[in-house]
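Labels run A, B, C and D following the written order; every chain starts at residue 1.
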């Protein structure tokens, strides 16, 4: 009954091999450090991250948008079926102590924004660049490698 | 990557000892049979069922209504934080292959109704009795003991 | 900018003519008294109630479960598209100061239960009968006619 | 029972006077053209847009995040109470045929992203600038004035 850390990994359902490899490495690192992976439960980056967790015997949770568990990727330990469509993005993020964004499209961008709105730290790996209306940058923490992304997540998630 | 069964257990956040004991037995039985427990993640029946799962080394998932993991009971393997209030009841039910209702108040009644609406079988253990507008009964399957409830859940959840 | 009352009307997407006529009368009465109708936005009882409101030139709001406004009935003043499936039932109820349940199936039952859970009064017109686990009845207020239902709604909604 | 257009206006709950004035003008223009305003129902840009609609006798709908109508601004024709927190952002956007983003913080950014994910056109007025992971820009349509923003919304919302 120790408290575990929950790390969200967000990214597209379709992505090129080098992005998937990044996601898999992030997943492995998360599992090695004993945290729980939270993701959107589907393919692409979500599946690759879950696969990394699975390879290390860790726990991967998928929060699915549709009404059936059939859309889950095969590496999840637990698949939650929301039936809420894109509104589930708020649940993925809310369930995470820190979020790692890997590349990604508009769905990922919405999760980055929701996390920052909720005060949940976001680490960006090859992802969106944001310029606020006043010209300032967004508050993403930038990482250059999967290892650095996970290190940063730990640093900000546990308040170190 | 075998497919596991997901069994929901629904009931009140406050309940007398004999109801909690029922919930704990249901949880133990679910874990013994290798299924994943889905519940609302809080105290009372939800906690007792999760405790039963924990005693058997199983996997218990809590779908929380509020915005923080702090409201989770200590026996959950995974706590999902929805921030959606009562709307999360639909997620608890949607994520389950069958639902066991143990006693319960209006929140439990809403979950029974949502499950039946979605076509998910519900087993009732000392719970609400329903009489439809046309005088017919609801489609709850009635069980007399925790063991019978879990047996029934398996029978209906896997289409036997 | 006066404060208007919001009255929910819940019931099935398919219903026999006498039930639809009840719903239409409830809708007319709600509009005559200057309140806003809240409903699930689809056919059957929801459409009949909205039609009654429309006949009196009132305001009818539909909270739709799907992802498109095409499923809305034609009598709504405003259609809200949630894309959240059954989880939208919590929004219908949460937006109402009192709820009138007319006949109905499991979806309606879930809304009755969610309302009672949230402390929102429910008036029943030819609807579900509930018996709690302890043998007590539910807290529905029973009405025998559309007029009585609306009268009761006003009495409980404004705390008279 | 003509089909009306629904135009979303998104922006912060707190904003400087010149931004509020933009929002009010956008609201007035939307009402003059006979469309329904959809917004998040709270203060700042949401209130200013609703005020503009109110000045022209139009219809303004607010989709509130919390559990009570008390957080609504006073210019709404209809306040929907979701109790879903930030997950309600998906409902604001899903209910709109086009969305006008005026300045804004992370909440607004999440709505821009959700809209683009759902294929709903977004017009930006002094708002976020987005650079995708591949270096391309986002698909916001940029406007320089409230009038141009509303014109653009009409052009893209009705498929012209």
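Operating definition for what follows: a residue touches a chain if its C-beta (ideal position, glycine included) is under 8 Å from a C-beta of that chain, and two chains touch if they have at least 3 such contacts.
Remember, it's a predicted structure, so these values are computed and weren't measured experimentally.
**Q** Computing the C-alpha centre of each chain, which chain sits at the greatest distance from subunit A?
**A** Following the centroid criterion, the farthest chain would be C.
**Q** Could you see whether B-C or C-D has the larger number of C-beta contact pairs?
**A** B-C
**Q** Any idea how many Å lie between the Cα centroids of subunit C and subunit D?
**A** Centre separation, subunit C to subunit D: 28 Å.
**Q** Subunit C: which residues touch two or more other chains?
**A** 67, 82-87, 90-91, 94
**Q** Mind pulling up the subunit A residues that touch subunit B in the complex?
**A** 1, 6, 36, 54, 59, 61, 63, 67, 69, 74-75, 77-84, 90-91, 94-95
**Q** Provide the residue numbers of subunit D that touch subunit A in the complex, in ascending order.
**A** Within the complex, subunit D contacts subunit A at residues 84-91, 94, 103-107, 109-110, 112-114, 116-118, 126-133, 138.
**Q** Subunit C touches which residues of subunit A in the complex?
**A** Touching subunit C from subunit A are residues 67, 82-87.
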